[in-house]
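Before we start, here is the structure in question, set down as structure tokens.
Chains: A, B, C and D, in written order; residue numbering restarts at 1 for each.
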Amino acid sequence: MKSKILFFIFILLSFFFIFSQNLTQTDQKLFTPVDSTVLKNFIVRDVGNDDGTRIEVFCNFPFDGKNFTLKLYRKESGDSNFKMLKTIKSFPFKIVDEGLFSDKKYEYYISFVDSMGGESEKCIINQPISPKPDLFKTDKTILLLMIIIYTVVIILLVESVRKGKELFVRKISGLDTLDEAVGRATEMGRPVLYVPGSSTMSDIATIASLNILGPVAKKIAEYETKLIVPNRDPIVMTVAKEVVKESYSEAGRPDAYNDNDIFFLTDSQFGYAAAVSGIMTREKPATNLLLGMFWAESLIMAEAGNTTGAIQIAGTDAVTQLPFFITSCDYTIIGEELYAASAYLSREPLLLGTLKAQDYFKGLIIIILTLYFLILIISLITGGNITILKNIMEFLRFIFKS
Amino acid sequence: MRFINFINKLDKRWIYLVLALCIIIPFLFPIGFPMKTTAPVKSIYDFIEDSIPEGGVVLIGADYDPSTMAELHPMAKVIATHALSNNLRVLFVTLYPQGAGMAQDVIENVLREWNNSNPDNQKELGKDITLLAYVPGVSAVVLKMGEDIIETFNEDGYGNKLSDLEVMKEIKNYNDIDLMVELAGSAVVLTWLIYANGRYGLNVGIGTTAVSAAEYYSYLQSKQAIGMLGGLKGAAEYENLLSKKGVYWGRKDATVGMDAQSSAHIFFIILIVLGNIAYFVSKKQKGGR
Amino acid sequence: MFIRRTLPLLVSAIFGVALIFQFFIPHPASKSFYNMMLDWLIIVSAFTYLIAVQSTVELHITKIKRKVEGWQYSIIVLVSLFVTALLGIFGGAFMPTTLWMKIFHNVKPTDTTPLMYTYLYMQMPMQSTIFSLLAFYMASAAFRSFRARSFDATLLLITAGIVTIGRVPLGEFIYKGLPDVVEWILKYPNMAAQRGILIGVQLGIIATSIKIILGIERKYLGGGK
Amino acid sequence: MALSSNFWIWIAAILTLAIYSFLYKDNPFYKFAEYLLVGISIGYGISVYWHNTIITKVFNPLVYDKNFLVLIPLLLGLLMFSRFFKNVAYLSRIPIAFVVGAGTGLSVPSSFEFLFKQVYATMPTKLDIGIIIIVIGVISTLIYFFFSLEHKGFVGRVSRVGITFIMVAFGAAFGYTIMARVSLFIGRIQFLLSDWLGIIK
């Protein structure tokens, strides 16, 4: 616990460090004042954090009530003619001149045009400068830091699980009912149907589902119940066979394993759903487990299972299909809970470590959002005059601004 | 009890039949309820209407296939027509081969409708509108467009060199595109938001299927997207806005479907309510025994 | 062994890390590297479509060879695949090819290509029809399985009912304020939950990406050790 | 308008009806149409690839523009063909590794930025009832999906709030999905009644 706190303090400190650095950066004014006081207000400078193709020109002088427009010109060093860039009608203004070259120098000129159309002389507003290509986007420092921290946290956690460290994962409510559901099938003397989703191995949900299949198959082998696993993808089928076979051996019942109960149905999306529904009505399994990735065909299977009166436990990370599972199944494992369940059951370092890394970041976001929200309420109640609260809020917003 | 049995035993095909009738009958006897325009639709309309100068460019992403065309095709038509009516240029882009066919179909339809109704302001393929060649790579394509659009595609979908086309004049990258409207029913919408909007600051509007519409409200609030057309209703609202402006002549695919949509929705509600009554009655009986 | 396993991991690690750092370096040199990478990616991806073609063709050839039940349908797949591909390659995708116009003298450049006929009148109607079947499945599921079996499910169904009615003109006809109620639900409570889910999902995606670059996640390379 | 006399419209209509016949029961007509669709769509994909990609991105630059820089990625891409030969199939892992590796490299910083934008949008400077709902909703949903704490006591209550928000969101999605599915069917009916039978305009 101590190490965790230290870790967060470290992160916070590093933010302060970067933040303060950014504040102390000064504007590099590159122009020299010409005799007219007005011209002082025109600033020409290189745009930072870019590839050296942009220069910005801006003016903070409001020119209130003056009845004229302004023309901005640019001249490349070595060139003798000006190029009109823009006519400016409202003040203050800011113009970013793009598409320049870092090996050339540029001078900017302005002239005033009165309401009659008469144009004044062109006045230089800067010394020739060239846009500077930068080596690092300073405004993205926090982002880079976050990526590095996230990477390090993932590596550390995966490694620590590999070394045998126990990491806590909360109970997933759907999982508790798995035992009960398998037990019920045994009592009724009917099979358990396990659908590992309609996708291929490239989906994380499919892999998660196969991770859950292992312990489930073990339990089923212990209870001596029949397990049916219909597949839509040949590779998923092969993996499923291996997983189940291993679980049966682990349970000490390799003899009870029947290779024909794990089979390939069809690769057609709706054909698969129809065939699974067929199995549900014919074999009347007592328990249907629908875990993995599903698309629009989800409700066909969920409906069929519901009408046969089976206990149904579903789980998927497909947000669009979850509403159907929630209303037609007895228990539903929602979204990320599926990954958590698979990490929890399989105890695989890669899964568990990543899950925890995500959790820490999620925790960080929760803390920051809550903190911000509380400070916002306090500062609104007190009338918004407390500078320190304002600064903290500004700082928290700054972290996520990049 | 008899009612419960009826529900459990009822052949699904009767439900299918009634649903089909619920949708066919309103087509034969249309009513045409009026409808309000929702804010996300209005903001895309207003953007095209007010914020893009004449000669500006609207990029339409046709990243859908026939399975969702019922919802997204009408959107592509209205957005393209609206842009043409304001004398904007329209570019279609697609990240999937199936989308190329969809875009081609829209372009042909829109041009035909337009030229039939506006003999004095004819629009031409290659001058006012075109389809950029399909190029694989999804996110790489979206990113490359931010650097150089012509270099990304080389040619339009019909095999013409892009650099020769009038429609591409003075278009280099996203800086020259005033608005992009992404039409898709899948997560590819995120690709545009993450890369084109995130890295290059392109204004993106979303046109999506009703399935995804609820999900995308997050991007409206965070201002990553300027507006959204959600499902057939979104397209219908847009059709109405265009008719009010007087620039839509084609078949109003989305609007005529709205009566059928209304009656089917009522039917769904009835089904759910009936089903649940049966469920609670039978649960009570089981509990009583 | 090196080419089989280490090289692919090395390739993904090197390019992955390089492109992450590229993001933070605005220098022109880094920019031209970035541009070159995008070009490469686009060209290499041009060949990834082969995976889909290869796996489908292989699946159906195996089915025919083994005379699996319904193998006759696999012949339909292969025949239609090759006929369409040939028509497309020789006849043109969106504009007839010069070769095609030479063979058939009455074909003009503005004519619809044979490929587009198969697309517009076969693929388009079939694909959209298959997905429209879902309206029916949904209706039967609405009747027979969408139950308010818990507090959560009840809340879900009530919200669903409001949105379903409020999003069609009839709902507006019944009660004028209904569209605003629906818009409110979508804009606030719905949006909040969607964002919460999204943040979690994004963290997951980023974690997977990082693991791929680190070379500890290698499932994308396909089976085999 | 009357019954269509266009041969192709008839083909489309017959194929449409063949698929709808599945609603009555599974039958050979449906299966025929389904498998035909698989073949045609891949064939279509190959054609579009050929004209819009192989020709424009590889053939033309190489033959007409003499741009030999495309040779490296081209060779990488050609390795993909090794998949057709079992004993060298592993070579295709190199281009796949390149595409996936470079793709993830491009995505990591942008995805983080995208994530940050979502968090940033949840940090308002003013408060009203809508914003309070958003902030509470986001935080409680996140807590529901937080796995390092047992859902007991205060955390349990907050995660209950979270699941309530999630259910409202799912309800909205559910309602919208009904709408989407009905729309797809409306599209087909429109085709049958108008383009084919010519009963409606």
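By our rule, a residue touches a chain if its C-beta (ideal position, glycine included) is under 8 Å from a C-beta of that chain, and two chains touch if they have at least 3 such contacts.
Everything numeric here is computed off the predicted structure, so don't read it as measured data.
Summed over C-beta pairs in contact, the chain pair with the top total is C-D.
Relative to the C-alpha centre of chain B, the farthest chain centre belongs to A. Between the CA-based centres of chain A and chain B the separation comes to 26 Å, rounded to the whole angstrom. Separating the centre of chain A from that of chain C, both taken as means of CA atoms, is a distance of 20 Å. With centres set at the average Cα position, the gap from chain C to chain D is 3 Å. Rounded to a whole number, the gap between the C-alpha centres of chain B and chain C is 16 angstrom. Of all residues in chain C, those touching 2 or more other chains are 20, 23-24, 39, 41-42, 45-46, 48-49, 92-94, 119-120, 123-128, 130-136, 138, 140, 142, 144-149, 152-153, 156-157, 160-161, 164, 167-168, 186-187, 190-191, 194-195, 197-200, 203, 206, 210, 220, listed in ascending order. Shown for chain B are the residues in touch with two or more other chains, namely 8, 16, 19, 67-70, 97, 100-101, 135-136, 140, 143, 157, 159, 210-211, 213-215, 218, 221, 231, 233, 261, 264-265, 268.
Residues of chain D in contact with two or more other chains: 22-23, 34, 41, 44-45, 48-49, 51-53, 57, 102-103, 106-114, 117-122, 134-135, 138-139, 142, 145, 166-167, 169-174, 176-179, 182, 184-185, 187-188.
The touch graph of the protein chains shown is complete. Of all residues in chain C, only 3-4, 7-9, 11-20, 22-24, 36-37, 39-54, 56, 70, 73-74, 76-85, 87-89, 92-94, 115, 117-136, 138, 142, 152-153, 155-164, 167-168, 184-200, 202-203, 205-206, 209-210, 212-213, 220-222, 224 touch chain D in the complex they form. Those residues of chain B that touch chain D in the complex are listed here as 13, 16, 19-20, 23-24, 27-28, 67-71, 73, 97-98, 100-101, 133-136, 139-140, 143, 153-155, 157, 159, 190, 193-195, 198-199, 209-211, 213-215, 218, 221-224, 230-233, 251, 253, 256-257, 260-261, 264-265, 268.
Those residues of chain B that touch chain A in the shared complex are 8, 175, 211-212, 215.
Interface of chain A with chain D (complex): residues 140, 143-144, 146-147, 168-171, 268, 270-271, 274, 319-320, 322-324, 326-327, 334-337, 340, 355-356, 359-360, 362-363, 365-366, 368-370, 372-373, 376-377, 380, 393, 396-397, 400-402.
Chain A meets chain C in the complex at residues 49-53, 102, 133-137, 140, 143-144, 147, 150-151, 154-155, 158, 201-202, 204, 207, 234-235, 267, 270, 296, 299-300, 302-303, 306-307, 317, 319, 323-324, 326-328, 330, 335-336, 339, 350, 354, 357-358, 361-362, 365.
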